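By letter and in written order, the chains are A, B, C and D; residue numbering begins at 1 in each of them.
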Amino acid sequence: MAAHRTRRRVEFRDTDAAGIMHFSTFFVYMEQAEHELLRSVGLSVLEHDDEGILSWPRVSASCDYRRPLRFEDEFEIETRIERLGEKSITFACRFLHEGQEAAAGRLTAVCCRFPEGRPPQSIPIPPRIADELRRYVDNG
Amino acid sequence: MAAHRTRRRVEFRDTDAAGIMHFSTFFVYMEQAEHELLRSVGLSVLEHDDEGILSWPRVSASCDYRRPLRFEDEFEIETRIERLGEKSITFACRFLHEGQEAAAGRLTAVCCRFPEGRPPQSIPIPPRIADELRRYVDNG
Amino acid sequence: MAAHRTRRRVEFRDTDAAGIMHFSTFFVYMEQAEHELLRSVGLSVLEHDDEGILSWPRVSASCDYRRPLRFEDEFEIETRIERLGEKSITFACRFLHEGQEAAAGRLTAVCCRFPEGRPPQSIPIPPRIADELRRYVDNG
Amino acid sequence: MAAHRTRRRVEFRDTDAAGIMHFSTFFVYMEQAEHELLRSVGLSVLEHDDEGILSWPRVSASCDYRRPLRFEDEFEIETRIERLGEKSITFACRFLHEGQEAAAGRLTAVCCRFPEGRPPQSIPIPPRIADELRRYVDNG
């Protein structure tokens, strides 16, 4: 079991008039980390295959904030798969700055097909995808 | 007890390549609703008084998504104060579109002073503020 | 000839660590004003008709900044059509705060069809659309 | 004379319902490139020195769009200083994707002091800063 790690720097547009990274921006970075994790095993969050489009609508997102991040701070996002269900995945992300946890969040997404002109339909995660993701599953 | 209500329209920049309002954008609108609620009782999220700056850093945020919102959809945000603690407030927001709940989220913020050159310090919510906010407290 | 007018308030997410509305945000508001102008004459920036999708990719955008806008400032966006060409439109926007111009920008968009699997193709603006828009054309 | 180069990938939040990177996002990336260029010569866009704060409010920004960028496209931003004036700098940025120009923009910023409680005041660019920046000045 391994965490996926990526580094970012707080960009100026990420900040707000309180001088810190805006709380909504952590969700944008959690998604970037999720997509990088998927790319690291050859997957994309938006796949086209023989049966059409396969993607992952979010059903819930949450974040707890411990310390503010400021303009130009470098931070690491450490992502694990907390739960690999039959139809959904829960990613757990920690934001680390100078060795301390700045925030920790979760993102739960459901595996869906997108039939033309109808609402997305959840499906079991295809085995080829589940197999690739297993390396990031947290058994801690 | 009353909910605070405000209306918005999904703007083009709120959408993403999946054609729906991006999940992080719900947090931006929850904050807009919170600030409108504060203004409705004569408060601001950033106050300057005799003792300096008083503001409300976030300690947690979460959202559950039920139905997607699309470009130009009009929606209502219904905000209640779920918990008015000694030092913190939890706002609960529902996103309603055509009578159905599209999403529901929570935002918890802590009342803080910002001493020059030191980290924010949590303080008891001043009575004049707690009194104004009581009308939005959910006793349901 | 009339300008289209709409009002907004600087939201917290619009600001940055310099305490003012971020310069990129003016473009987001210019687009909101453009879309409101289109709606005011019964049009949408993204139309589906018998021949498929009709939309307006941007070819250029610019803005000059004169005075900063701050959190909770109310401002007006005044939009005119500076040029209604055969295939393109140039919108001119002024941002007004307390009677003074905070910024002024331009947005040029081209009328396009989106053929399946091929790049967008510019077409002459359909007469029914040009007719509706003429009321906002600046002959000043 | 050298251009500063940096690479980015189109993130999901950068896209809109038209499936492409939103036109306003190019300005956010132009600013990231500017800040990286400044860091590459040991400068920050927000400096604190003996005389207080030194920063660079924008006076104008513009961008011309030639080809759309899509989710997960990698692109390069090539930045030059087009004009190093007495009090202002104009950065010119090109967005390159697979060897072709996707967009080209300009950003003009003015060197300012921020006196307590008064509007920013433009000042001549300090020689130590102008000297560092000269290597990026385009004499082409």
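Convention: a contact is a pair of C-beta atoms (placed from the backbone, for glycine too) under 8 Å apart; a residue touches a chain by one contact, two chains touch by 3 or more.
Fair warning: this is a prediction, and the values are worked out from it, not measured in the lab.
Each of A-D and A-B has its own count of C-beta contacts, and the greater count is at A-B.
When each chain is reduced to the average of its Cα atoms, B sits farthest from subunit D.
Repeating the C-D interface, with the same residue numbers in over half of the contact pairs, is the pair A-B out of A-C, A-B or B-D. Computed from the mean C-alpha positions, the centre of subunit B lies at a distance of 33 Å from the centre of subunit D. A separation of 29 Å divides the Cα centre of subunit A from that of subunit D. Subunit B has its Cα centroid 24 Å from the Cα centroid of subunit A.
In subunit A, the positions touching at least two other chains are 12-13, 17, 24, 28, 31, 46, 71.
Viewed as a network of touching protein chains, the structure reduces to a complete graph with every chain in contact with every other.
By the touch criterion stated above, subunit A contacts subunit B in their complex at residues 17-18, 23-25, 27-28, 31, 46, 55, 57-65, 68. Contact residues of subunit C toward subunit B in the complex are 11-13, 28, 31-32, 35, 39, 44-46, 71-72. Residues 12-13, 15-17, 19-20, 22, 24, 70-71 of subunit C touch subunit A in their complex.
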